[in-house]
Each structure stands twice: as structure tokens, then as C-alpha cells.
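In the two complexes below, chain A is the common chain; its partner is chain B in one and chain C in the other.
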Partner chain A sequence: MNGTRLQRYGGLLLLALALALGPLFLQNGFHYNVAILAGLNAIVCIGLNLLIGYAGQISLGHAGFYALGAYASAILPDRFGFHPLGAMITGAVAVGLIAFAVARPILRLKGHYLAMATLGMGIIVSIVLDQEVDITGGPDGMPVGDLSAFGYVVSGNLAWYTLVAILLFITVWLALNLVHSPVGRALKAVHGSEIAAAAMGVDVFHYKVLVFVVSAIIASVAGSIFAHYSGFITPDEGSFIHSIELVTMVVLGGMASITGSIVGAVLLTVLPQMLADFHDYEMIVFGAILMSMMILMPKGLVPTLAGLFKGRRS
Partner chain B sequence: MLAEFLQFLFSGLTVGAIYGLIGLGFAVIYNASHVINFAQGEFVMIGGMATVFLMKAGVPMPLAILIAIAGAAAVGWVLARFGIETARGSTVVGLIIITIGASILLRGLAQVIWDRNFHALPAFAGDTPIQILGAALLPQSLIIGTALVLTMLGLRLFFEHTRIGKAMQATAIDPLAAQLVGIDTRRIVRLSFVLSAALGAMAGVLVAPITMTYANVGVMLGLKGFAATIVGGLGNPLGAIAGGLIVGIAEAMTAGYLTSAYKDAVAFIIILFVLLFMPNGLFGRAEVTKV
Partner chain C sequence: MTFLRVTGLSKSFGGVKAVDQVDFTVKAGHVFSIIGPNGAGKTTLFNLLTGLTMPDAGAIILDGEDVTGLPAHQLAARGVSRSFQNLQIFFNMTALENVMVGNHLHTTRRFLPCLFGSSSVRDSEARTRIFAEELMHYVGLGDYVDADASALPYGALKRLEIARALATRPRILMLDEPAAGLNPAETAEIDALIKRIAEDGITVLLVEHDMHLVWGVSDHIMVLNHGRVLAEGTAEEIRANPEVVEAYLGHRARER
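Presenting the complex of A and B:
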């Protein structure tokens, strides 16, 4: 127990150090932009990994929650005079309620049926954002106001970086606490064998719903931050492709590995930027890398590398 | 009134048959390997695009169609052999991501080898509509309907009266038992990819004269095909066809009577409702979980 606790706080310390030293390596606006986007993706992925990796439930619709958060932060302050923080919280609460309402029927489904149901839900969200032109600006997207709180307006690369870094740190801390709590142990049991867990008295369904709602709220908040940061959003934020990207980051980095989610998010955010030099061949290279990594490292990047490291030591 | 309804019904049955054919491909692969192939839509794209560009190169249409379908089938084989087979030990989600990678790769290849533009294929039997009770029926719709019926009959013959077809059935029911009686299940998985790639490509050729074809045409068509399979019950070929027709008709009726803005959402709303009340699809068998 002490060992794992030490590891946990050691890991958090390392993360804090890495995040604090980050700006030393970021030389221009482009670097900052990639780092901030990678951080936001990492936040969503950690939440999603709680669902996929720990609770063993797939979701192909989380971009829908992300987009709802983003549009709440775009629409509420502009149309209804909400404070940006108020809008973000309202969005998160609404997404939490929606997730709770959908989770109850949806999470009774298993495997591919669950994948399809969450996929359908995400696509419906993106189609609504696309079609309700009067409210959302439709496919052209809409501008988003500044994020301000307590008389301070978040602007400039370093300020955004700091905000995202702090949020990422909090998310990791929360996720680690959840994983190492009775809830986390119950989730692991659910993933191992749902029936055995239920027989041991774990209220399987309750935990699945809880994690689904938590991961949706995390996605919504990240969406809100993204909206303020980029200053302009389109329904693409909620597209099926974006949902797939998020799941890919989780699986590529390693399921049930919080470090894996950060690595996966950073990798798949940086990779397309680097591949932009390939122009027309970008999709080909990206698809090939995705396939070969999943074939060579089915467990994901971080667990595979960790396994190699452990194997060599013993 | 009736004419209007018939008109919507015709267009619904036409796209529904296409969704059904694509859904059939999902079902065939799922039965053989329990993989959901997210590159299914790309087979549809390859069928349409290859035919278009072969015809531009001067190949007569029937031959172009055959080459396109054979090409897609070859791509299916490669995906099964080098994508799925080499990835043993992958989780279900891992396999899904491999097929998603394949889908991105194939779309990228299509944009480089062909182009990013929209292309139309000439209708096989002309554009003069047939008038039925005041509604216009395109000859292409009749061809699509005929193709669907012939495919169903052909598959039935294949699955019930050929050795290899029976072996596929056996693998679907119990892969381990199939292996024990000497069935090479790896070959069955490859064959299932070849078969469903051919089915997808055929759907792509058939629908190209109506909806145009382009490098990303497979994304939405693939998802609708997946929806069709799920509505009908995963792994049930006849269910996939029925699911396709249900989705197609519902879409056409929504576009006609309610709003065309939400046409694309219909398939997914149906999915959610079906799954709420019938978690195994309309015609799916209930799954018994063994400990």
C-alpha cells in the first residue's frame, strides 16, 4: 500500500515538474498551440480512459459531450449574458444530466451495441449543432468570447498553457484518487468479470453510470476551455471523427493507464502537425502508423513499454 | 397524396437496399471473426471510384464494374491477412481501431490515386423514370432492388449448399468447434473480408449513379450500414437487409414529410429506440453470458 502511494505521489510530482518545465521547450506560438491542444485532449482522454480502460465500457460519442460544453460557453455568455465561468458550469451540469439520463438505458447494452448507441448519440448531437443555424451558426461555426474571472482575462500563450497545465494536473490527481478508491477497485472488478463483481456485491450498474457521467463532465469542461481558447468553434468539435480520435488516443496510449492517456493524447496531437509536411500523403501515413502501432502493441504504448522495462529488470 | 407517398417509398427502398447490402457486409465479417469492420464504407467508395476512373480510362462499363469489385475484394483480403490476422491478442477495441486506421489509410490512398472531387456514374439503364400511380421510379432503383434479391438468393445458396459456405456458417456458430472438425478458420476470416468487400463495392457501384461518389463517400454510408446491421440484430444477414430497408424508408419519409435537415439523424434515432426496447436488435438472439 505504501509503495503504491509513493508511486502515485512520485508520479504526480514528476507530472508537475514536466508541466512546469514545459515552457522552456516551447519556443513559439505554434509550439504553445500544440501543447495546449495536447493538454486539452489529454484531459478528455483521462476521463474517457476511466470509462474504457477501468470500467470496460466503450464510448464512440464523447466528442458530443465535448461539443456541448464548447457550445454552452459560446452561446450562454453571448445570448443570455452568462458569466463565462457560469456558462462553463451550466454546460457541465447540463452535460452531466444528459449523460446520466442516457447512461441508464445505454449502459445496459454490451459490446458493439453500446458502441453503436454512443456513436448514434454523438452523431445526433453533431447533426443538431449543424442544423440549428439560428443558435449555433450551423456548419460555419460561431465565435466565442473571452474567458474572464475575477477581473482577469485569460490571454496570451503562457496564461493558456498554465491554465491547461493546472487543469490537467487536477484531472490526473482526481483520476488517480478515483482509481485507488473503493470505486476504482469496484471498477477493476467490473472490468475483470462483471458477473463475479456482481456476485461479490458490487453494484456494477451504479459504478458504470457514475464513471460515464464523470467522463462526460470532464469532456464538457475541456470543450468549454477549448472554445474560449480557440475563440471560434464549429460542429466538427462534436463529429464522429473527433470521437474516434479520442478513443484512439486512449487505446494507443494504453487502456487503464493514466500516463498512457497523456502519452496517447500528446502523440496523436503532435503527429498530424508533423505529418502536415507530407501534404497529400498525411492520411496515408497517419492510417498506416495507427494500424501498425495497434498491431505491434495491442496493449498500447505505455503498458507495452512498461512491460519491456519490467521484463528486463527481473 | 398516394403518389407522394409512393415517391418517398421508392426512394426509401432504394437507399434502404444499399444500406442493407453494406450492412450485410458487416454481418458476414462479424459472423466469421466478431470484428466490426469500420473500413466497410471504404469498400463502397472503392467500388464507385474505381469504376468511375476505369471508365475514364476507356474500359467498358461492365468490365470496369467487375474489375472494381475484384479490386475491392483484393483489398479486403489484404486487410484480413495483414491487418486482422497479424493482430492476434488484440482486444475488440484494438481490432476496431485497426479497421479505423485502415479506413483512414484507404481514404488517403483514394485521394492520392484518384482525386478529391465528386464523380457521377451513368445510370445502368438510362434516366427515363417509369411512372407508377403518379410516382416516378428510376430504372436504377429497379436494378438495385433486383441486385439485392439476387444477392440474397446467391448468399443463401452459398451458405447452405457449398462446402466452404457451410464451413463459414459453422465458424459463425462456434469457431472452436469448427476448428476441431478441421475447418481452417483463418481462411474463413479472410474469405469473409473478401466477400463483404465485394458486397460493399457492389453497393458502391449501384448507388454511384444516384448519389455521386467521392473519396469520403464511405464514411456516412458505412455508418448507416452499421446502423442497419444493429437494427436487424448483429450477425443476422436477413436482419441486416430488413434493418437497411427500415432505416432507408424512415429516412425518406422524414425527409419528405417532416424535415430534410434531420434526414441523417433518423438512422441513429431509430438505433437508440430499437436498442432501448430490444437490446439485441429487432431479429437478434439474446446473448447468454457464461461465467
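Presenting the complex of A and C:
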């Protein structure tokens, strides 16, 4: 076992420990609520970081996939009698197919054009959710049924916390496997130099589409879990602002850093709760964070701090 | 034995014929050099041969197979690899990882085994790592195995590109100005490296301005000027060709 693998399993062990000890520090329902939301955001951000941080492709529309997953879990059981798990999986598959169909034309674009195209895609999703009042309840939102499986209904803070903690752990484990494999290296190569990646035999377009679809499916599943947890969803889950929040979490935590995505998601989920009085200025704070990160530490918190630590040791 | 046959290859950019009706053949195991003034179409020719640019006309026959118009990654799978004149290093990785990317096509890279970290992927990664380390030693970068690519000096980056290209296990290696910007000592190392690569049975296509290097390593030389083949032959024939001296070599013909 070499150093990087030791680090990887050490990191997973630490994460498991932190997640297991979490409830000791969560004293009331509000704490649990923040922790569960932070965990769900972290899951989405890990997927998004594979796209943005590793493969170097931007998306300003991932809240759209999150919302599609949420609405699949709201609508399919209610209207069509789906089992909640069946609805979640159907939503994820549908989102995967939509992402695949959208990715093919979109990912031929670069830089600002890609940002604009994904932005447009996210906005279309949120407009549809807003306008299709008969199906989605429109701007008023709609209630979501319980998440149940094998005769067990997930309810209560601890149960939801445990479920999200397990899902987060699995997501981190899978993401770490992926980034430490030829697939992860190919994604980083696409980011580093597309023409060199292609000349080395990496099918650049294939990997762009792959990571876009994977990150969309992760967002969809997290959206489904959120819907059941929250019990009520509105088109806001798919709003442009939510997409920007997710990207800010990824950028703050750190590009191409799984740990960074967890840190970014936790910080930017907790911060607005602590600054509840400033709720009206939330987007200004997010914008300021995004700008100052770009200027002061473009790599993000975790990689920058890790670099400092590494530099001091050697 | 002919390894690469190019016929009537042409590419225009907005009315400028960058590569114009170029024909040539490269024998297996040869070091085939392409020289010519800046803007003669050498890099465009490389981009056509490696699938980064699609030709307007002409054919590229690689070891008997028509590979015209295939994209870069498919040509890589057929044994075509290259280095870049303006470095295309993956600066977001370590030096070793750069070389490991070169081995991409020989790794276990199916999505699900990679996602679940299967033992076949772990074994493949271990093999890839060892192979990449060997290649870094082969090109003389043994000291930089664990370094970030961004920490390497310019001369080392040129060799890192060659190591990365060799990691694809190429049958033909195209080197685009591997000695540009290097001092004489570093150029001599590149000289020795090219000879070793050719001895290992890899056909080499070389674009280079350093005539000392070109005269020393080439089995065959082709001169491009304004996108067309001006002359072809051995080093002696090229040096003695008055048209080549006029268009490109000038005083350099006397350099040895």
C-alpha cells in the first residue's frame, strides 16, 4: 500500500469518525437540520467538483438536476403510485438521460459559452417547474410523501442524519476511488490540456459527457433525499441562485479537492444560518466570497492550506 | 519497409495553404526530419498527422491502414504519439501523473471498476506507476518523479513531454522542436535520447530548427517551404541542394 492509498483510507476513517461523533454535538432540531442540509450540499458539491475542479468544465445549472430529482420523488409516488425508492431511481435515470442529451451539444462549447448554456438549461428547468402548475403546484410548491423502504419509514432527526451521513460517506468513497483511477486522471488531463489529452489517447468528449452525467445523477439523488426530508418543495430548489450557491461552495472549499467540497458545503450552509439577520444580503455575501476567493486564493481553501502545510514541512 | 505514407495532404486556413499537396513516405525505424522556415507548415503537418486538425484533402496511410481523418485519440490507439512545440504539460498534476496519462490506453479504465476501486484497477495503477517511473528514468528525469509538473525547469518539461508520449507505447513518435530553447548540453541529451528511441524500434518524425541536432540524428530529411515539399533526401543531399540553402539554410549549411 503506497502513501496516497494510506492517506485515502486514513481520510475515510476520519470522515467516518466525524460523522459518527456528529450527533454528540447536535443539541436540537435546528442543529440537525443544518447538519443534514450541509451533508446533502456536500454530496452535490462532490459531484459538481468532479465536473468543475477535476475536468475543468463549468456548470451554472446543476440546481436544475437537483430540482428534477426532488420533483421526481414528489410527483411519481403521489400521482403514479411509485415506490419512493423507485421514484428516486427513475428520477436519477431520467436526469442522467437529460444530462446526456444536453451534454452532447453543450460540452462542445468552452468557457463563457459553456457557462451561458448551462445557465440557460437551469433556468429552463426552473421555469417549467414554475409554470406547470397542474403537475408541480407551480410557485406554491408541493408536498412530498415519506421515504420508506422495507417497511421502515425514515423519520426523526437522528434517522435522517444517519441516512445522509451514510450517503455522504459512500459518495466520498466512490469519488476518491474515481479520482485515483485512470478515469480521474483523464478528467484532470482534460482540464490541463485538451489537445495533449487527446494526443495521449484520452477521448476528451467522452469524459466530459461522462462526468457531466455523473454529477447530474448525484445532484438528482441528493435532490430526492432533500424532498423527502423537507416534506415540501418549491421551484426555488432549481433556481439560478441555488446553482450559484453550489458553485460557490465548490470554489470556496477548493477545486479538485473532495475534502474541499465538504468544507465548502459545511461553511456555506452554516454561515447563512448564523447570519440569519442578514438574510436579505445573502447573495451579496456569496458574491463577495466568490470574488475574493478568485482573487486571493483561486485554488480554494483546502488546497491552499494543504499547500502551505506541505511547504512548511519541506 | 514503409511505415507511413502521406499523399496529396492539404490544409488551408482562410485561403492560406498551410500544407499544400504534400507527399512523403517514412520507413519503419527511421528518424525522419522535417525542416523549413517558420510558417512553412511543419506544425500544421504534425497536427494533421496526429488528428488534431482535419485535412482538406489527401491521405495518410499508417502501416497499410488508411487513417485519414481519424481523431487524435484513435490515432493514439494506433500507435501515433507526439510532443508539442509550445508545451502542453498537465500543470495540474505531478510529473509522474503526466506520464501516467500517456499510458491511459493501456490501463484498466472502465467506469464501474474505477468507481468501486476494484483490484484490477489497483493492479493496473501499480503497473502504470512503475512503467511511468521507468520512463522518467529513461528520459533522465529520475529526480523529478514526485515533483509537481509546475516545479520542473523548462528543459525537464521538454523531456517530460517525450516521456509522456513514450508512455502511449507509440510505433511512431512525432517530436515538435524538442530542442527549442535548450542549451547545448541539454540539446546533446535530446540528441542521445532520440537515437536511443530509434534504436528501440520506434519510428521518429522530427521537426527541429537546431541543424546540428538534425544533421546528427536524421536518416532522411524533408524540407518544407510555403506548405510544399521543397526537397527530400539524406543530410548530404539536403546540404548540397542550392534551393534549400537559398530558402532556409543559408549560412547554416556550413554548421556541423
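Everything below uses one rule, namely that the second predicted complex is superposed on the first by the 294 of 314 C-alpha atoms of A that agree within 3 Å, B and C clash if a C-alpha of one lies under 4 Å from a C-alpha of the other, contacts with A are read in each partner's own complex, and residues count from 1 in each chain.
Assume a contact is a pair of C-beta atoms (placed from the backbone, for glycine too) under 8 Å apart; a residue touches a chain by one contact, two chains touch by 3 or more.
Quick caveat: nothing in here was measured; it's all calculated off a predicted structure.
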| item | value |
| --- | --- |
| Touched partner set for A:I52, first chain B, second chain C, both or neither | first |
| Contacts of A:H180 with chain B and chain C, given as first, second, both or neither | second |
| Which superposed partner A:L15 touches (first chain B, second chain C, both, neither) | neither |
| Chain B versus chain C as contact partner of A:A196, first or second or both or neither | both |
| Partner chain in contact with A:A103 - chain B first, chain C second, else both or neither | neither |
| Partner chain in contact with A:I233 - chain B first, chain C second, else both or neither | neither |
| Superposition-derived comparison: chain B or chain C, residues of chain A touched | B |
| Common interface positions of chain A, toward chain B and toward chain C | 193, 195-196 |
| Of chain C, residues touching chain A in the complex | 50-52, 71-73, 76-77, 81-82, 84, 88-93, 97, 100-102, 104-105, 107-109, 111, 114-117, 121, 124-125, 128, 164-165, 167-168 |
| List of chain B residues in touch with chain A within their complex | 30, 36, 83, 86-87, 89-94, 96-98, 100-109, 111-112, 219, 223, 226-227, 230, 234, 261-262, 264-265, 267-269, 271-272, 275-276, 279-281, 287, 289, 291 |
| Parts of chain A lying in touch with chain B, wherever the complex brings them together | 52, 58, 105-106, 108-113, 115-117, 119-121, 123-124, 127-128, 131, 193-196, 240-241, 244, 247-248, 251-252, 255, 280-291, 294-295, 298 |
| In the complex, chain A residues that touch chain C | 174, 177-178, 180-186, 188-189, 191-193, 195-204, 210, 256 |
